[in-house]
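Presented below are the structures under discussion, each in the form of structure tokens.
Two complexes are shown next, each including chain A; its partner changes from chain B in the first to chain C in the second.
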Partner chain A sequence: MNAARIGDSPNRVGGRERVTGQQMYVADIRLPGTLQAKLVTLDCARARIISIDKTAAENLPGVSLVMTAADLPQPVPRFGPQFEDRPVLAVGETKYHGDPVAIVAAETAEIAAEAARLVRVEYEELSAVYTLAAALAPDAPLVQDPSLRPKDPLAGTNVLREHRVGWGDVDSEAADVVIDNRYSFPIVTHFAIEPHSFMAAPEGDGVAVWSSIQHPYWLQKILAKILRLPLARVRVVAPDPGGGFGGKQHTKYEPIVAFAALRADRPVRLILSLEESFQAARRAACEVHVRTGVRADGKIAFQDIEADYLIGAYADIADRVVSKGSYPGAGPYNVPAVRIVARSVLSHTLPSTAFRGFGNPQVNWAVESNLDEAARAVGLDRLELRLRNLARKGDAFIPFDTACDGDWQQTVRRAAEMIGWGQPLPAGHGRGLAVGIKSGPTTGHSYSTVRLLADGSVLVYAGTSDMGQGARTIFAQIAAQELGAPLDWVTVVMGDTALVPYDQQTSASRSTVLMGNAILRACRSIQEQLRRMASELHSVPEDQIVVENGIVRLPDQELTVIQVLKAGLGRMGGELIGNGESRKDAEPDHPLQGSAAFFEFNCTAVEATVDEGTGDITIVRHVAVSDVGKALNPLQVRMQDEGAAIQGLGHTLMEHYIFDDKGRVRNLGAIDYRIPTSMDLPLEMESDLVENGDGPGPYGSKGMSEGALLCVAPAVAAAVREASGAVIRDLPLTPERVWRALQERDGKEV
Partner chain B sequence: MQTFAYLRPSTLAEAVALLEAHAPDARLLAGGTDLIIGLRDGSERPRVVIDVKRVPELCCGIRDDGGTVTIGATTIMADLATSALVRRHFPALAEAAAAVGSAQIRNRATLAGNICNASPAADTAPPLLVYGAVVLAAGQHGARRIPISEFFVNPGVNALARDELVVAIELPVPAVRVGAAHVRRTRRRGHDLASVTLCAGVDETGVTRLAYGSVGPRPVLKIDESGVLADPAASGAARAAVFDKLFAEASPSPRSMRAGPAYRLAMLRVLGSRAVQTAIERLGEERTNG
Partner chain C sequence: MADTLPVEMIVNGRRRAIEVPVNVTLLDLLRDELGLTGTKECCDVGECGACTVLVDGRAVDSCLMLAVEADGAEITTVEGLAADGQLSPLQQAFLDKGASQCGFCTPGQLMAAHALLQENPDPSLPQIQEGLSGNLCRCGCYFQIADAVLAVAQSGQEGGRK
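Moving on, here comes the complex of A and B:
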């Protein structure tokens, strides 16, 4: 029996299944008679499709189905979470390397792959844009058909949207020093261990769709619209994903797989390869021009930020990434004047989407790096400059948003202490420190049902996806705490729209707060029912009974929940059912249509040294401290922070897509797209938590899972600069790039 | 993956006959760490795959034939890296074998496969060049010996005739004391393909043998007989002049996505001088131990 409660770190619920290969991912689920699907793509980015000859593929024994856009309802349905711009299959033109023009379904994966090769596509390659400069050139070919946004004045350009936010007057705010620099952030990908996987099967008069998706209910809504089915006839089954990081938030190939299954009248599955997953989701690249005005006393006078994000050919959720990610760009500081102009720029590249940090790391890299230069320019310690400007609890640091909701000074001082800020350094070593902030969810809507069964065991129903972040464990801990059940008597049911009530999404580090509150309310509803039961059983007025932490307190005795439940249900048995809802409504006049439910706040500090000959960076020590309100499961919280830090080291040190002149990703796959291994990690890594119980979630918790990724890059680059004098404003900090910066430092031509 | 016939000969003669019958549509399978990737991504589409792992003549392991250490063609990298014989006489080869891929790869990949693949970046090529390896090949017309310095022709192309396969790699035990070091440049510390590979061997007579790869169509061997590199007291300028000469042939591709040409050329010098320094230190240890 596991008596773990809130604040303990029990073993992860489902952890054993994950590490022993018992967990059923989408690819492990086999239905009888399932066809294997393969997508047909072209060997270039943008092309006009002249004709598609399916004959040879269709004639291959074992092939059941070859579908192109012509085989879909006309006009071909388009979908997307923000703009309905993405066709189920490419219509007339491919827009990026990997944009599917057909799907093949066959008896085996091998036959499907061979048939995909036999689909003969006659096409004409068209000029295309893969970089911000090319996409923004006056004569650039348009990525999106302007008819998709008829009244938009930007429709004749590749700018999908421009977002302006700010306050004060940047142009008249006096500053003693202005630091003016440009920074760039590369395209990187999520690299979840489980590639995107999809399966669909006809079910009754509707369809069942299995997907590795993070947002089963959003997918249900999109599929119902495209397939013209009532929601109740679209069942989405979303087994726990094997890593998501944002890359599995939104609908990708579920619509085409569903069409194929309905047409074949058989289950169809499409399991992407790692390479295909690399072409399905990625983070937006970004170029940031930032002017930071600072007064001699170290006070920030203004931040003037222009951020161009290179998004893909279809919007997915990328434009929201741009608006929400750039919005807190001036950081967690009290800045009198701020101007932020962010543009989402379409290109003939694979769609960019949500990625842990949601557009914030790109601007944070620029702004925090610029603050280091500002500190140098006014002769102030880099930590001191930050402390002088950091918002204090209750400060309206973004005038029209949630006020500072934590003791952020405490977090920064703790990180500085842990890295030994101000202590003497060995020769050739340097330190860097940066802070990161991210707006939590701006809207949200979660329901939960909790069932207290007759023996005191508990079923928790939640539409959240547990992709490794540990939501099942947190939810089980909440129910165990409230209803007094041992942790292993709590079962958390997730991932099936036919079973669990609606949840808007699993994103923005929301689930502990939003779904957590829904579960808490469902448990509290059961507690109310127990109170009534106890009142009747013991003839005590309800207001003299308290139910909390699994105990029913009467004036003269304490009973356990199970004692009251068993007596109350009697011989007929039964159960108690609680429903809970938690919502955060939209605010139509807010720049993001909603203020932050909470802020994620992190301070990262790094000590590093540089090999002067090769440019190799060694991170000697890496410290991440986050304000989490209350750690419901401290071990999981640290795992989130340390995992985020390591993922951040990926884009900081080595990760980036490389495109060729046809817009193909040259380093498609694990051989030439490198992520950190255990050998690339800091020699020491340490995390710590600030817990002041000041969050909106259960027990004072805040959402957390992205914070420790936000500011890794500026912290590392600052340490590299102090260690070696190398100044680098483009990520990643590859050995070659560091080496070039060292040559520049020494005045050598390269 | 295209379907193919899988053949598993049980004698060398049978393997050679199959190769002769099916080349050029046949590919040999030993560890498969290059071939399987090619089969999966479609860059290799053979009609016949000949698995040579059960050919007894190829799996004779590592043995000392008195003055020559012979490494059977199907010997895996993991065995090479841990072999006492290899570590005693050819430590830089053991070092290179230990740098190949990951533990899983080293448990499958073979030394012969590494050289037959003829990648300019092959990790074992520089130490084999420094140690003067000889490739023992067998074909329809019998066996022949190919000096390793003549084995690499172009990326993916080796000196074997189409009916030939590698039986073993022979390494002469050095007659004089040698200190050697293998170094490589990668994008990360964890397993990775190298953008520069380099091996330096300094012997007690003052000769330095330097081999490097991944900076041209094939790995190359250069020899400094001037004694400058082997001399720890030589001036920086004198050493730089020798390196200029030894690296003159390097022509890294500007199309590589692993590193730019300027960086590769600069790293040749950095790696070269570090490897020579380590080799000199190891030679010193050899003297002390010997």
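Moving on, here comes the complex of A and C:
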């Protein structure tokens, strides 16, 4: 019996399945009679499709169907979470390298692959744009058909949207020093170890769709609209994703797989290769121009930020990434004047989407790096400059948003102490420290049903996706705490829209807070029912009975939940059912249409050395401290923090896409695109957390899964600069780039 | 050349005699023919380690090995680590140390760690990191995985039973 409660770190619920190979991911689920699908793509980015000849492919034995846009309802349905701009299959023109023009379904994956090669596409390559400079050039070819956004004055450009936010007057705010720099952040990809996987099958008068997706209910809504089916006829099954990181939030190839399954009247399965997954989701590249005004006393006078994000050919959720990610760009500081202009710039590249940090790491890289330069310019310690400006609890540091909701000084001081800030350093070592902030969810809506069964065991229904962050464990711990059940008597049911009530989405580190509160309310409803039960059983007024933490307290005795439940249900049996809802409503006048439910706040500090001969960086120590309100499961918090930190080291040190002149990604896949391995880690990594119980979630918790990624890059670059004098404003900090910066430091030509 | 060949192998202690297409990888054989889906497919080019299994006790990327090459071999997959419902010490340590998040790389990590401990029952942290460097974990559990392997090594429990 596992008596773990809130604040303990029991083994992950679902962990046993993970270590025994029993966990079923989408690709592990097999239905009889399933066809294997393969997408047909072109070997270039933008092309006009002249004709598609399916004959040879269709004649291959074992091929069940070949579908192009012509085989879909006309006009071909378009979808997207923010704009309905993405067609189910390319219509008339491909927009990026990997944009599918057809789908093939066959008896085996091998036949499907062969048939995909036999689909003859006659096409003409068209001029295209793959960089910000090219996309913003006055004569740039347009990525998006302007008729998709009528009345939009930007429709004749590749700027999808421009977002302006700010306060005070940047132009008149007095500063003693102005630091003016440009920074760049590359395109990187999620590289979940589970490639994106999809399956669809006709079911009754509707369809069932399996997807490794983070937002099953959003997918259900999109499928229902495209397929013209009621929601109740679209069942989305969403087994735990094998890593998501934002890349699996939104609909990708589920619509075409569903059309294929309905047409074939058989299950159709599409398991992407890793290379195809690389062409399905990525983070937006960004160029940031930042002017930081500082006074002689170290107070920040203004931040003037222009951020251009290179998004893809279809918007996916990228424009929201741009607006929400750039919005807290001035950081967690009290800054009198701020101007932020962020643009989402369309290009003929694969769609960019949510990725852990959601647009924040790009601007954070620039602004935090600039603050280090500001500190140097006014002769102030880099930590001290931050502490002098950091918002205090209750400060309206973003005037129209949620006030500072934590003791952020405590977090920063803790990280500084852990890295030994101010202590003597060995020769050739440097330290860097940076802070990251991210606006939590701005809207949200979660329902949960909790059933207390007759023997005291518990079923929790939660539509959240557990993609590794450990939501299932947290939810089970909440129910165990409230209803007094052992943890192994709690089952959390997830991942099936036919069984589990609505949850808006699994993103923005929301689930502990939003779904957690829904579960807490459902449990509290059951506690109310237990109170009534005990009142009747013992003839004690309800207001003299307290039910908490699995105990029913009467004036003269304490009973367990099970004792009351069994007596109350009697011989007829039964169960108690609680429903809980939690929502954060939109605020139409807010720049983001909603204030932050909470802020994720992290301070990262590193110590590094640089190999003068090769430019190779060694992270000697990496410290990450997050304000989590309350750690419901401290081990899981540590895993999320350290995992986020290591993921941040990826874009900091090594990861980036390389495009050729045809817009093809040259480093698709694991051989040519490097992510951190166990040989690329800091020599030491330490994480800690600040718990003041001041979050809006259960027991004072806040969301926390992205914080430790936000400011890795500026912390590392600062340490590199102190260690070696190398100044670098472009990520990643590859050995070659560091080596070149070292040569520049020495005034050498390279 | 024949399209298929007969192979015999012992998989998780069970003798299997199968007629196998000559171009099928050991990974596809395990997943598609034998229904052992615990072994995962990711990069398919031997770079990520998600498909690691033991072939005669050695860690092998099963995506790089043809099934016919495994003729006569003894194969252990993640499904073969636990016995009679009892987790192996490594499996238990992975749970206790928080070495599995999304879990997709976990089977491969476990098999590689198992092989490492067979070869070197008392590895140092750098030896573990080097030994498992062919197994990617995007959730970033590397320190927790190393903790788990160290804990098993220090307890002298070997790498769990086969």
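Heads up, the rule we're going with is that the second predicted complex is superposed on the first by the 750 of 750 C-alpha atoms of A that agree within 3 Å, B and C clash if a C-alpha of one lies under 4 Å from a C-alpha of the other, contacts with A are read in each partner's own complex, and residues count from 1 in each chain.
Keep in mind that, in the parts below, contacts are C-beta pairs under 8 Å (C-beta built on N, C-alpha and C of every residue); 3 or more make two chains touch, one makes a residue touch a chain.
Computed from a predicted structure; not experimentally measured.
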Which of chain B and chain C A:658 touches, first, second, both or neither: first
Partner chain in contact with A:679 - chain B first, chain C second, else both or neither: both
Which of chain B and chain C A:454 touches, first, second, both or neither: neither
Which superposed partner A:469 touches (first chain B, second chain C, both, neither): second
Per-residue touch tally on chain A - higher for chain B or for chain C: C
Which superposed partner A:671 touches (first chain B, second chain C, both, neither): both
Which superposed partner A:418 touches (first chain B, second chain C, both, neither): neither
Partner chain in contact with A:727 - chain B first, chain C second, else both or neither: neither
First (chain B), second (chain C), both or neither touched by A:646: second
On chain A, positions contacted by chain B and by chain C: 671, 676-679
Footprint of chain C on chain A - complex, ascending: 9, 11-12, 14-25, 27-28, 30, 190-195, 240-245, 271, 273-274, 467-470, 635-636, 638-639, 642-647, 669-671, 675-679, 681, 685
In the complex, chain A residues that touch chain B: 110, 113-114, 117, 613-614, 653-654, 658, 666-667, 671-672, 674, 676-680, 734-736, 739-740, 750
Chain A-facing residues of chain B, complex: 1-3, 37, 42, 185, 187-193, 257-260, 262-263, 266-267, 270, 274
Interface residues, chain C side, partner chain A - complex: 31, 35-45, 47-48, 50, 77-79, 81-82, 87, 91, 94-96, 98, 100-107, 110, 128-130, 132-146
